[in-house]
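Next come two complexes, and both contain subunit A; in the first it sits with subunit B, in the second with subunit C.
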Partner chain A sequence: MLETDLDRTLEAFFTGQRRAAARLISVVENGGPRAEDVLHQLYPRLTGAPRLGITGPPGVGKSTLVDALVRYHRKHDRRVGVVAVDPTSPFTGGAVLGDRVRMGDLTTDPGVFIRSMATRGSLGGLARATKEVVDVLEAFGQQMLIVETVGVGQTEMDVAQATDSVVVVLSPESGDAIQAMKAGLMEVADILVVNKADRPGAGQMVRTLEADLAMRPHSEWSVPVLVTVASKGEGIAELCAAVDEHRVHLEQSGDLADRRRRRAQTEITAVLRDRLWQRAHARLADEIPAWAERVAAGQETPYTAARSLMAAFLEDSE
Partner chain B sequence: MLETDLDRTLEAFFTGQRRAAARLISVVENGGPRAEDVLHQLYPRLTGAPRLGITGPPGVGKSTLVDALVRYHRKHDRRVGVVAVDPTSPFTGGAVLGDRVRMGDLTTDPGVFIRSMATRGSLGGLARATKEVVDVLEAFGQQMLIVETVGVGQTEMDVAQATDSVVVVLSPESGDAIQAMKAGLMEVADILVVNKADRPGAGQMVRTLEADLAMRPHSEWSVPVLVTVASKGEGIAELCAAVDEHRVHLEQSGDLADRRRRRAQTEITAVLRDRLWQRAHARLADEIPAWAERVAAGQETPYTAARSLMAAFLEDSE
Partner chain C sequence: MGRAIRVLVAKAGLDGHDRGAKVVARALRDAGMEVIYTGIRQTPEMIAEAAVQEDVDAVGLSLLSGAHMHIFPEVQRLLNDKGGDDILLTGGGTISDEDMAELRASGVGQLFGPGASTRDIVEYIQTEIGGRRAGEPS
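Here is the complex of A and B:
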């Protein structure tokens, strides 16, 4: 994309053209100076709209729930942005595309913007990439931003990083609650949802989760456990009310500002780390191979080599 | 562990005490200056023993295959080290513990050293951590080193990074071959194995894989497609012969030295990156919060903030 093309795309974006939004998201996803430029221009347009994370084990009905949430907000005439992140390889499932197909009529609703992100190979940068795509959607004027991701590895930390409120979705199936506890999902939950609540075991599961929560140290926000049947739209209004309540709590307690500051800090840190390495690598690229030779020959360890290289970089970094 | 304790552990390690090896592995896994110290002392003891990676989708029988390989090498009186890496959260399977229990009698064989690594939360450092644990096992005198990991995300790149030869294991089940192609597993394979070859579809799968390989650009090593029934020990001798052959190819072509140099380079780079960041963070930690404040308020972007911070660090890094 040429510079003038980018300017034209930004202009179209600011007049609300969807294709321009899609193009800017791609620019942001690709990174580099162009992405920075775009984000720089979008920053003044950020509105502070609520950012909601939806996460949980595979198969609990997250996409169906997101679908129901989107419909709910559309009924209340709010513009919605959805970022669906699939951090898994083909092997571990990831039916994001199929889910998006199911969303059929929503994808043609001009008040809804849905973006799927494939993140294979860039797990480290997931939080940042996700956050920046949400920035674009927020600057585009979407009033409710939803990030959906399967809770695998440490993606639940990434989603918590990129959003204000995190809904952890479980279903009354084989050990979901236990697994969520093991996997650290409970730690990031602002709201817990037992979806597919019309199936056997839902009541028991709610009690298990509440018992687990009751054992925690007291905090200002007490995590509610809600039940939904997303496929029938049941419990969605209650869930949205809880999200609103959490938002009010965040604002009144000062936690919202805290979270956003922390988010900014993490983002600055990530960018700084990358930049610093780019600079060091540009300076040291010619010297590294000789050191690698010595390490491979057992004459140095990676640590002694790194120490010498760092000294060389810092000495002449000015 | 006190300094003198560490010295004593190293001494015990060099006289072949297993408990000392287990302790040093933990030290290495925990990182920090102590880990560096240990690696520094072990480096002169590295023997250059073959390092074999075993990877593939979940459920293809990788652990059973590793089990069979270990038994084979034990029959030939070679000391074996196994590092089983499970990079998945509780949600995506990961029966490593169960597998290790199944290995029952092998775990009491003094010629076998098995170590499971849980890597949740440290995906980025997986290659380095794995490589360093293998270093310890090699310095301990294990003559065949096997790294087993499920091919999820980009772990197959990590295993390729940490080993000399990579065996990709598939089974004649629902679309494994197709998925392997999609997931980039084929790219890292030096040897392909269709395990559970007594099940229907094995022959067809071998043909599909061979057809895919035939379409690739010619290279000096032609990837063989082997069949095994690991649970019955079938095809194991042939697999070991292929691994030996690949080793000979690596040595004669100079690829082994290349791979080991590249590995050293990646390791130096990873250490250097970490160190550099530690140094920068120590210098900038006090300034970052104020910048985060400005970013959260929309006055700066993470990119402009990072630029200013980097300039501050490099100016006074001397």
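Here is the complex of A and C:
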């Protein structure tokens, strides 16, 4: 995009054109100096709208739940932005992003903007990219922002960093998943939801979760366990009430400012790391293969190689 | 390496057979593309609007219902309306050679019949989008 094109796109964005919003999301997602320009222009337009993260193991009905949440907020006349994050294949760099399948006709609602995003294997960059894509949607005037992602591995932590409240969704069949993911997934939850609660085992799942929560150290916010049948819209109003309550808690306890400060810190760190790495890489890329050969031949260790490379880089920087 | 090519893959019309679309979606992913799959029974309005929101480079429509002479031009018109006239519209299904020629003449991209290989489809999109991107500054 040429600079003048970018200016024109920004202008169109401020008059509410969706094509322009979509373009700016791409610019921000792709990073680089243009992304900086865009964010610089958008920051004064940020409204502080609530940011909700939805995560959980595959197959628990996250997209259907998001669909129900969006409909609920639309009924209350709020403009909604959704960012649906799915993993990039580490082998091909490609991805199939299928969350729109469950959100069908929301696409044509002018008060809703849905964007699918691939994780792109960015080292810790997902939190930054996700947050900035949400920034664009917030500046576009969306009043409720929802980030959906599959909770496997590291991504749910990144989601947690991009949002104010995190809902972890499980289903009555999630028993094994909980065992496997207890450490990461459960700890990021501000609210726990057992979806597909019309299936057998839902009550047992709720009791298991509550027992697990009871063993945690006391905190000011006690994580509620709710039940929903998202496909029928059941439990959605209660879930939204719990999200509101969590928001009030965040505001009154000062946690919201805390979370946003931490988010800013993560963002600065990520940008800084990117920059340093780019500079180091530009300077050292040509020298790395020779060192790799010596390390592979057992003449050096990766640490002595890195130490020498870093010394060369720092000397140049002075 | 440039940024990933983004493609929206949709099934338009009332027939619910999405195996072909899914095979193509997977082939595009395996070629390193980001594929937004929207599923079956999409209206032209849904397809064009989703394509705009997702800022895709290309839309691939799968059509087995025989309604292609209506749906392709309608999606193209809506894309143009929404400022997405630079998005490549392509696709495939049970479409006769005459119909393919007529749609191509109207500005739709290459279309693929039932016997087409996924490799041809991947190559076509890579070449077409690669050429379009070469014209813009990085």
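The rule is simple: the second predicted complex is superposed on the first by the 290 of 318 C-alpha atoms of A that agree within 3 Å, B and C clash if a C-alpha of one lies under 4 Å from a C-alpha of the other, contacts with A are read in each partner's own complex, and residues count from 1 in each chain.
Please note the rule applied: contacts are C-beta pairs under 8 Å (C-beta built on N, C-alpha and C of every residue); 3 or more make two chains touch, one makes a residue touch a chain.
Note that the structure is predicted; figures quoted are calculated from it, not measured.
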item: Chain touching more of subunit A, residue-wise (subunit B, subunit C); value: B
item: Which of subunit B and subunit C A:V295 touches, first, second, both or neither; value: first
item: Subunit B versus subunit C as contact partner of A:P44, first or second or both or neither; value: first
item: Subunit B versus subunit C as contact partner of A:W277, first or second or both or neither; value: first
item: Touching both subunit C and subunit B, counted on subunit A across the two superposed complexes; value: 88-89, 92-93, 120
item: Subunit A residues within the subunit C interface of the complex; value: 1-2, 17-23, 25-26, 30, 88-89, 92-98, 100-101, 104-105, 107-108, 113-116, 118, 120
item: Subunit B residues within the subunit A interface of the complex; value: 36, 39-40, 43-44, 46, 57-58, 87-93, 120-121, 123-124, 150-154, 179, 182-183, 257, 260-265, 267-273, 275-277, 279-281, 284, 288-289, 291-293, 295-296, 298, 301-307, 309-310, 313-315, 317-318
item: Footprint of subunit A on subunit C - complex, ascending; value: 1, 3-4, 25-26, 28-39, 43, 45-46, 49-50, 52-55, 82-84, 136-137
